[in-house]
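The same chain A turns up in both complexes below, where it pairs with chain B and then with chain C.
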Partner chain A sequence: MTSTLKGITLKGSAELVAEFFSFGINSILYQRGIYPPETFSRVTQYDMSLQLTTDTKLKNYLANVVSQLKEWLFDCTVQKLVLVITCLETNEVLERWQFDIACDKTAKESSAPRDKSIKSIQEEIRSVIRQITASVTFLPLLETACSFDLLVYTDKDLEVPDKWEESGPQIIDQSEVVRLRSFTTSIHKVNSMVAYKRSDF
Partner chain B sequence: MDIDDDTTVFATLKSFKNFISLPDASLNQGEPAPAQSNPLQRQYRQRIELLEAAEKVQSKTQQIHEDQEKRQMAMSHKRARIELEKVASLSARDLEREVDRNQELLGRIRRLEEREVESSKSLSEQVEANRALRRTQETLNLRIMERDAKLNASYQTVSILKDEIRELKQQIQSKQNIIANQTLATQGLQEQMELQQRKYQEVSQRCQDLQSASSTCSDHELKIKDLERKLALQEQDVVIVKNIKSEVAKVPEMEKALRQLREENIYLRETRENVTLLKEETEGLRRKVERMEKLKEEMVTMELEKEKISQKLQAWENLGQSTGLDIQKPEDLSREVIKIQQREIALKQQNYTLTSGCRSVERSKADLQGELLVQRSKALEEQKKRETQESLVRRLQKRVLLLTKERDGMRSILESYDSELSTNDYTPQLTRRLREAEDVLSKTQNHNAEMEVQLTKAQEEVGALKLQVQTMELDLESLKKQQASVAEGNPLVTTEEINTLRLKIEELEAERQRLEEQNNVLELRLERHDLEGDYDPVKTKVLHLGQNPTSMAKKQRLEEVEALREEVQCLREHLRSLQTGGAVPAAVGDLGVTVNLPPSQEILDLRKQIESAELKNQRLKEVFQKKIQEFRTVCYVLTGYQIDITTQNQYRLTSLYAEHMDDSLLFKYEELTDPLLMMSLQRK
Partner chain C sequence: MAQFGFENDIHSILKLDMPITNAPMARWQRKASSSVLASSANPSARSPGKNGNKSLSMSKTPSKTPGKNGKTQCTPSKAGGDRFIPIRNNKQMDVASFLLSKENEPMDTNPSTVSLECQKAWSVTLNGCNLEEAKILHLGGKPLNAPEGYQNNLKVLYSHVPTPVSTKKTRYISSVPDRILDAPDLRNDFYLNLLDWSRENLLAVALHDSVYLWDATQGDIVLLMKMEREEDYICSVSWIKEGNYLAIGGSDCKVQLWDVETQKRLRAMASHTARVGSLSWNNHILSSGSRSGYIHHHDVRVANHHVSTLSGHSQEVCGLKWSPDGRYLASGGNDNLVYIWPGVQEGSGRGGNAVHVFSEHQGAVKALAWCPWQPNILASGGGTSDRHIRIWNINSGSCITALDSQSQVSSLAFAPNYKELVSSHGYAHDNIVIRKYPSLTKVAELNGHEGRVLNLTMSPDFSTMATVAADETVRLWKSFELDPVKKKAKDRMVKSTGSIIHQSIR
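Take a look at the complex of A and B:
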């Protein structure tokens, strides 16, 4: 848990959002079968049981990305986080999970904590993750071997840190987009949506 | 004292005697005349005198007694006094002692009081301590009670535990019994196990015997299987031969069918060509039909146009009649049109001149109106000025009146003061009064002046406002007049302008709506692109980690693909080498070295097994051949007959004692019957 003080500060909000991303990405990887289910272990978070990977390489990669993301959230320079699922045989992008982040920049100037209870934020996060799990019903099956990548949309003038490089947006042509729920910590607002390639019959 | 008393007694006796002598003298002195009086009186007087003397003596004795008593009393007094003094001294001493004692007692009392106070304090403290102790006692009592309760509980638990311990001990005992039983059972089982082991050993020996027997059985079975395989192959050959025979029988029929089919084929080809030709024809016809239909439609439209044009032509032809002009050819019409246009141009020119004149007139009118307004405003201003000046004049007149009145009043006051001054001589008062009056006057004058200033200001403001109002009214009237004049003067121009403006407005509105719709569409598109992940390259950029799972998976895939390709290539080379028939182990070894395929342990074992099996096979073959050769030579030598296998299931018997070397008997072996059939004698 981030803190037991009343109110949300910018730092606390960044931590909450980063935590959500960490668990959300793990859930998506488990649900879409990118990694075999036996490499995941069950943990309890947000009053529900979620799956976390035990693969060390994947864990390291996710930890790197999430820690950098936390910094960027604190600086309010990140605009979107996108999880791109690519088919390895055809190098086509099959699915795109996009999280839009809207940051209230006035929180950077004033350091007064905002009045929003952590419980309500957790409720909202819970409903978003439930929707991600329920999205399995309408998303097409990923039959071929797939891999994923995390893209971060940032401000143009941001200094690119070590080991990070620029990439294309990896957009799906002819995609169906489904908007999911959003949640807000009163400083950061996160909108979720999923775009998948239209399966032509 | 007694002496003194005696002396006093003698003194008194003396005095008594004296006294007694005296009375005679006194009596004699006193009463010389009545000497001759009666003796009674003398007696009486004597008696009286005696009485009196007695009384006196008595009194004196009494006095003496009293004196004695007094002296005694005094003595006793003295004695008493002395005693008293003694007693007093004693008592004083006693008193002193008592006082000392008193003081001591007082001191003691004080000490006792102090002690009492202390004791009271200590008592109070003790009481408090007592109370505290009582409280502690109570708490201790409570604790004791609690402890008692706890102890009771603990006793209970102890009892419970003891019961449990008893039970557990019982259980332990029972379990120990069980264990003993089980040890006995285990012992029995161990003995059984030993028996079983012995049996097992026997059985294993039997098993080994059985295994050896089974191995021999399996060898036999293998042999049986080989022979069965050979049999199956022979049967297959038989079946094949039968099939071939049947097929051969079918050949002429097939030839007939083939001929028929060829004829049919030719026929079908012809029909197909016909069909294609017919299809082309139908397509051509369809196209023609479509063209015809189009032509029909065009014709219909042309006819309609023709009718319209003919109508128009008729209308044009009738124009001359309808317009009333002398028109028979289009040239006349054009002439008329030119005339009309010229007229129109002339009229327009007139119109323009008229409008320009009108506008100039209007402009002059506006100028004049402006001048009029200016003039009116000036007039009003002059009026105002006049009014203000008149008001000023009035005010000044009023002021003058007031001043004169004041002056008169002051003069009267002064005259009164002068008159007063002449009669009385109160100059200081008067001067003071004068000063006061002057002050009051000045104040009132200042007040007056201020009021007048304010009044003038207010009046000026009012005048200015009135001016403004009037100018505004004039402007309004002029505007109204203008509007009316404009509306009357050029209604066509205004309506035309209004119409054009309205049309412009409508066009602009339509354009605005169109642009709004476009805007909405673009916004939707933008949102859609944003949902899909599009971004503005000027403001955003997309970052990702270089070492991400997708790139690593792609690299792995490429490496796998490369490795697979190399493996495929070396396998192909290996296959080629095998097909060419080179030395297998060497080739394999060479390939293994060049390609660096690590030979697994299984493959090596299998190769070794294969080699060993091949060696075994070869040795068996050699041994078998040798044995067979021996056997055949022995048979030939002993029996004189040699049996050779010519072809499958055919045996040739040659005898040593035959007439010719080439004489032999041919036999065929059939399984069903024991004696050999199909004997034939051959001579070569």
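Take a look at the complex of A and C:
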């Protein structure tokens, strides 16, 4: 614990980023009303109150994805995480939350911790999650029942683990893109953006 | 002579129809002569600066078509030519011939590198990243979605449509009553039924110990009767279908029958042991519900009026309604039950067993209404602890809909003019709500009463309703007036059928 206070290692960074995704995805699902709000419970994280799902199916799914993601973050083989929101009826992609992950692969060789405090990283993460919360104000209302999917962009040479499948990128045609804040653990840098279907025509 | 020659020249020029003798050669003439020269004579002799071993065709179209292999078409070179092509350079002959000649030749650039680059560019624009360098993975199985039937709360919040006003844009439901009548000394008792409107357009209101009749056509008020003893009060009033007799139930356990025209009491029927809080007519049968829980059928024609007893309720019967076809009697009690009783059979002593018992309500059931256009549909409403309006199918005995009205339901009535269900409410909202039937979407809310609304009744033409409330007022609401155009058409139809009957009679 003392070492993490001073700096950050690759392992700690992977854990932090994976944790961010877990909270970020939960926040999106809650804020965008993909899941009923009564299936969420309030927790305090990053000095702010956040919503975590209590739906067992969803919890298992997210735990699966996040633990796998953590491994990939540790291996520095992950490039992007994308949350795709599709219309349940037409399968049309309505929203696409993209998190570009830039890994500093030199951290794999040198195990020396980087000089960045957890506190300042969490400060950055907090601002990203705040922006996710604030995005409700400009994103078009999801009027139909929606489902979501998580896409992970990995390095080409990565061996596909069990239960994982290759997928298409699920791009929205005629989309509007809004860039959100980014944060960096000095090993992983995460850029966030949200793309949504333009509704003005 | 020289001036003559000059004069001739001027003359010929001005005439314009003669060849100009010393003018430069026409273009086609020049071309023809040059091509003749070129084909006959040594080209090098004519253009000494040019390379002698140039091919014939090359010299004809000099260096204008680069990369030409000699098999190209050349410009028509026949002397004179039978066609006149005025402008050539617009046709971009060199480009055209280049394209023609090069068309079938393989591209000299490296095709593989180009297509790779293209693919890369496409992939970047299509996929948002280079697919060559990334794999897109997702956890197998179907994409997740919320449980069945879940509706986005934000949608509920932001796409809320304010109370959907009736589809008829021409209809206006006034939010203020058409008329307010004073009702002093009105008993503020939920379990009583103190208001009824007759077919003869008389509104009967029971105010403590007296019954007043208000003539809706003329506006006169008549005091019909007063209880004999000071301590007695009136618990229920009910008009016979024809509108000439009024049944009055009192706290003295008697049911009185009054002739309205002569303002005389016809009879007083005693059979109950407690106050009579509810009454309902089915032709000559008057049914009365008492605080004892019993319902008595009275045959008003015979001396021995008490023909049968229905026992089911354990507490006061506060709601009682015969179905419009007279097949069923619905009763609601303070014991939260709704009973459906069969019609009265002649000669049978007891009223028989209940057809259905509904125990879904969790409060006293006073509000009962049969649907006039669907004889097997009953609406019932529960008291403060229940607050639900339920619609029942009597044939199957099932509850079709249940709606939380969020306040005590004191009365229900169907309004056939617009196929609506009206409910009057006590605690907490003290209002009257008009809902579309069968969707039960709110059409209008009438807030005006300053106390809980106790009873509601429809006028005989169904255009108006009267409500009586704890604020000691009777209010008349003209909420269901038909469109004047529609009404006229209806009247005309009635008239025309009348005339047909008239003719046939003649």
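Definition applied: the second predicted complex is superposed on the first by the 195 of 201 C-alpha atoms of A that agree within 3 Å, B and C clash if a C-alpha of one lies under 4 Å from a C-alpha of the other, contacts with A are read in each partner's own complex, and residues count from 1 in each chain.
Criterion: a residue touches a chain if its C-beta (ideal position, glycine included) is under 8 Å from a C-beta of that chain, and two chains touch if they have at least 3 such contacts.
Keep in mind the model is a prediction, meaning the values are calculated, not measured.
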Q.
Tell me the contact category for A:33 with respect to chain B and chain C: first, second, both or neither.
A. second
Once the shared chain is lined up, is A:141 touching chain B (first), chain C (second), both, or neither of them? second
Report task. Based on the superposed arrangement, let me know which partner A:88 touches: chain B (first), chain C (second), both, or neither? Result -> both
Should A:177 be classified as contacting the first partner (chain B), the second (chain C), both, or neither? first
A:105 contacts which: chain B (first), chain C (second), both, neither?
neither
The shared contact residues of chain A with chain B and chain C are 58, 61, 64-65, 79-80, 84, 86, 88, 98, 145, 147-156, 158, 160, 163-169, 171
Within the complex, chain A is touched by chain C residues 126-129, 132-147, 150-155, 158-159
So, in the complex, the side of chain A touching chain C is made of residues 32-37, 55, 57-58, 61, 64-65, 68, 79-80, 84, 86, 88, 98, 136, 141-143, 145-156, 158, 160, 163-169, 171
Listed in rising order, the residues of chain B that touch chain A in the complex are 528, 531-535, 537-554, 557
As the complex stands, chain A meets chain B at residues 58, 61, 64-65, 79-80, 82, 84, 86, 88, 91, 96, 98, 145, 147-156, 158, 160, 163-172, 175, 177, 179, 193, 195
